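Each in structure tokens, the structures are laid out below.
Two complexes, one shared chain (subunit A), two partners (subunit B, subunit C).
Right, the complex of A and B next:
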């Protein structure tokens, strides 16, 4: 048995085992505690769960690359909000008035471009200044959020386009539009990370940045591309979500960065970089959404949900550390 | 001295690691008030011995006697409580804290309710600093001090206990000449207070200046102790090298080709200055010198990791500029770095991915990596270099040092470089694999590669090189051909001794 092969399997396997455990727990507990007659594992309920996972999930895929790289991006929530504002506001801009429903792809493109540009700003600063990504994106988190407020003050930005709403609420083969986006993003990023040079380099840089430099990998541009990818995905998440809701508050997307990071870490990606998987992250995203939904199903209130998720996060990481420490002569710190 | 009890005595210390007898019956004693040099080539067992003394390794046989009391060392802290103190080459200080806090770290004087007794702390510290006659006080932030003064802080730390023996491990490695004088004064002071001192250094000049006796280790075996005044550099060198080395390597049968790489007056700040050399295809050029002589820095400059402050680099006769490792790789200059695990390999990745890392962007089919092509390359070089691994999926971190090194070498060979630079080719590799790596280097030269080998091990550099560049503190002292070189003239060149100022 090869150690190198088993470890990632156990790691991604563990989060999926946890997902199954949650399903069983909430189904059984729901029988006794739930006020509703419907079983927890009702098909519609599960489809809704996937749809609700999409906004966090789409961003989490990008965060996985960033974190495998050994970086972190705290500004995703602010990028999400700003992209949403651009999306909804641009649909009523005078220059696009003659486009009719063709304004939709234009607005989408503008919103996505916003995400890519904001991500590029993060990446460029990290690359050129060498300042830690945590600090850089902490700054840009505040800065980008500032831009959201500058745009429209405390007021919500709203634009309801019914064609768009129909598209967003559509179901194809049972799955909602948002779910399809999540699935597509997961598949593409999974391919990128497992099959392409970019993915290979991402792992190498996160695992041993010096060795990666010595192998001729241009680390700066590589990291900038990753920040552009996560910027794009944060914007895509906004596009998918606000196409349906049609109204964005300037505070929307706050704490998204923390939910996203929680999902990625639960999925087995190391904060120090070099290891992690897209499939694990998908498990982490579903695990969190299941907890939220399941606890709601058995009648717990929102505050309890946060408490439980927090405890579980710490417990999972503690367990992970214990399993990994075993038998190794690590320094006691 | 004979009527005194030694400050520290080692008796028949044996330490084995799997496959290696690192220390084989080492016995010597340090008298109170004596400066006792411990010498030996790299790998002779000096550091292992220090780790045994500090309780990091437990000896398989033999005992450590402090004063008259046989002692089992369990940790450096416990050794310190017994009066055995280490001054390491690498300092371990908290830069943001004051000198006083560093000196009493972990044992700050306290008042009631766990409050620090600052007045007492500073008073005690200043008393010690006064003894050392240093130009800073207890409240100075350690990060603001020079390296030499930081070392003084380490020494001051040693003086907080009733030290019986103080061990200096290459203390002058990063000191300027003026700073060395201060250090030697402190050592003289300690000596006059009756402290026994073990002084580990490669620098003959210093050894003959400050030590009373010299003990020599070679291949983990104790070679004897001599009184410094009764011997000379050649005598000590002879003890360190022992048997006449077999220099008769596979005779150079192949013709040397054109000059592949030529360096003219290359400088990088004060790391190295006006270095010139050339290496031909089919030739192995060795670089020998002490740690800090600038050898690795030259390699890093050639590989684009450092910007030169002057001089030119020519590849096949054309002047080139190398701004990054990517540039160097594109021009066919590759580096097998000194720190294999830290700089050469991505330990968490598998063998195949490590081997193809620099060229994976060329091994693609559409958007995807062509894994078949990668496996083909891995298989080819696994066979060629005889890399022993269950398969390409094996995580590199699980391989032995020798096989890891072969992966790094294979990584570059598979790209057919113009110049291959190998920094410390056999560091941390067991004896059997060492000769394999040496043969491999010779073979690569025979195949027409221009190879630069940097090594701190004299037998190695003598064995593999066609010519040897001897370096001392950033300067090329002399370039030897294999006919000219002897252990003596090589050791003298790298110790900064030129025939004119040689001590007879």
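Right, the complex of A and C next:
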């Protein structure tokens, strides 16, 4: 019994230990290797790190629910891009011309709605056809990306609204707007997963779908809601990011699904479903961002980041399996 | 002869649905544009599908053995860049085997992780997608790779040459398809691949070395990727670092379209070739009738979902899922 309680704790702890390790490593190595005089643990640098974690982090929270459910969503990068295009394009639509700056909340709502609708499409197909979520979202990853390109060809969609940029660049209590969004999303999803029936059901379905059905949980609608949540979060991530940058390329968000899944798996969520935590995912997101920033800080090529992250992902998978095998052996004896 | 019941007809429709839909596509496109079925166009489509097709052949083995390979795209970039780089350094005759050896090493590494260490293939190959991409960029320093003397080399024969009036990429694709088709359908190894993917535990109990079979599947996939990289490099004689990016998903789409189940244990080389051709012809057909290039993504999406849906609907005997 104790092993069962301890293992998740060790796993959530492990990713945070890794985060601390990275901080120490890059601080020390930075002393010798960095070209700049600034220490790695500089307050501004850390605040920037949190801000840069937001786009991946916000989506990763949704992916955690999806993966605890035993599903996966490969289309988040495409949803991110389409929501961004809608956000920036809708600001210059003629029907909103008279709104002035009130166009901002309208465009935000439209972008978020896009995300929810695309998520609902994924969820509905998974529910009604019974096709595996991997295939469904693999397909919609192509399809949604196609919609992005059909919208505006290969041209970037741009719209700079200074009120919006000021809002996105603002710092409240020291933290950037994007960081606040990440914090809020983390808090809300954490609450949902640990304190509500919906969260409990998510774990139950991921653990044993048959048993969940027998216990009277309506699996289909539950999964569809989760796909709508991740669609919403992918759009929210786009809203936060592009409010500041003001220009989106049709290829933006490509490979986001890989970064997000890497973060979630690093955070200890099982691909098979039934296990995982939001706090762990937050650790995974920070670990990846630290690695990206840290490698740059010590003067490594940005190219090595991909190499290192890929290998770390595999190493974590290996360690995780060893831990699990050990746990099982302990239970047997 | 027994008469067909309504249910049987339904099953046949669902099983062969993809071929029937394909036939309708062809007829529709031909009516819309007479050039669609001209020999030139057909040859062009197969030729441009060859790279994707060669990769799909290897991935078919991996998928039948019950695993996934998402790393083929970045692995193809790697082999393309490596062979182009070595071409100028040690000459094409040595560059090709060296590139094959390096790519096979990557395949062996993945095969070791998935086969012998029994790690989840989705995550391993996802990690390798990123890792190999990093490796390629480190190797090339992020720069594009070009052959210095493009006119004075015989290296372009694999991508641009013709033999007996047929482009070499097509010949390579078909030859490889025939070879791998025979290996998969007619040899003990092929049967082992099906057994491991169909029911791994049962296969192990009947004395099949599961780890080794999976390992060999990844090795074959890497070999196919190296061949695809060779064709790509030879065709363009220069390349970006990201030439194969995203191809892993198109390859997987072709394999799934051919009817291989992601759960493993089913699929054939012939069906994969059909899947590759369907993707190629639809892409070409949509362009010929004057639609935007990007419409094909949306159409591919719909076709993949429909194909898989019909397949599992036929298996469960019901159109809609049993999910409450």
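Rule of thumb we're sticking to: the second predicted complex is superposed on the first by the 325 of 333 C-alpha atoms of A that agree within 3 Å, B and C clash if a C-alpha of one lies under 4 Å from a C-alpha of the other, contacts with A are read in each partner's own complex, and residues count from 1 in each chain.
Everything that follows uses one rule, which is that a residue touches a chain if its C-beta (ideal position, glycine included) is under 8 Å from a C-beta of that chain, and two chains touch if they have at least 3 such contacts.
No experiment lies behind these values; they were computed from the predicted model shown.
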Worksheet item: Who does A:38 touch here: subunit B (first), subunit C (second), both, or neither?
Response: neither
Worksheet item: Does the superposition put A:131 against subunit B (first), subunit C (second), both, or neither?
Response: second
Practice prompt. Determine, for the superposed model, which of the two partners subunit B and subunit C contacts more residues of subunit A.
Written response: C
Item to complete: Please indicate which partner A:141 is in contact with in the superposed arrangement: first for subunit B, second for subunit C, both, or neither.
Response: second
Discussion item. Quick check on the superposed pair: does A:261 touch subunit B, subunit C, both, or neither? Answer first, second, both or neither.
Written reply: second
Item to complete: Using the touch definition from the top, say if A:196 reaches subunit B (first), subunit C (second), both or neither.
Response: first
Item to complete: Pick one for A:218: touches subunit B only (first), subunit C only (second), both, or neither.
Response: both
Discussion item. Based on the A-chain superposition described above, do subunit B and subunit C contact any of the same residues on subunit A, and if so which?
Written reply: 213, 217-218
Worksheet item: Quick one: in the complex, what on subunit A touches subunit C?
Response: 125, 127-132, 134-136, 138-147, 149-150, 153, 213, 217-220, 223, 254, 258, 261-262, 265, 271, 301, 303-314, 317-318, 321
Discussion item. Can you tell me which positions in subunit A touch subunit B when the two form their complex?
Written reply: 2-5, 191, 195-197, 200-201, 203-204, 207-208, 210-218, 274-275
Worksheet item: In the complex formed with subunit A, which residues of subunit C make contact?
Response: 113, 117-120, 122-124, 126-135, 137-138, 142, 246, 249, 252-253, 256, 262, 292-298, 300-302, 304-305, 308-309, 312-313, 316, 320-324
Worksheet item: So in the complex, which bits of subunit B are touching subunit A?
Response: 303, 305, 324-326, 328-330, 335, 337, 342-350, 353, 357-358, 360-361, 364, 367-369, 390-391, 393-395, 398, 411
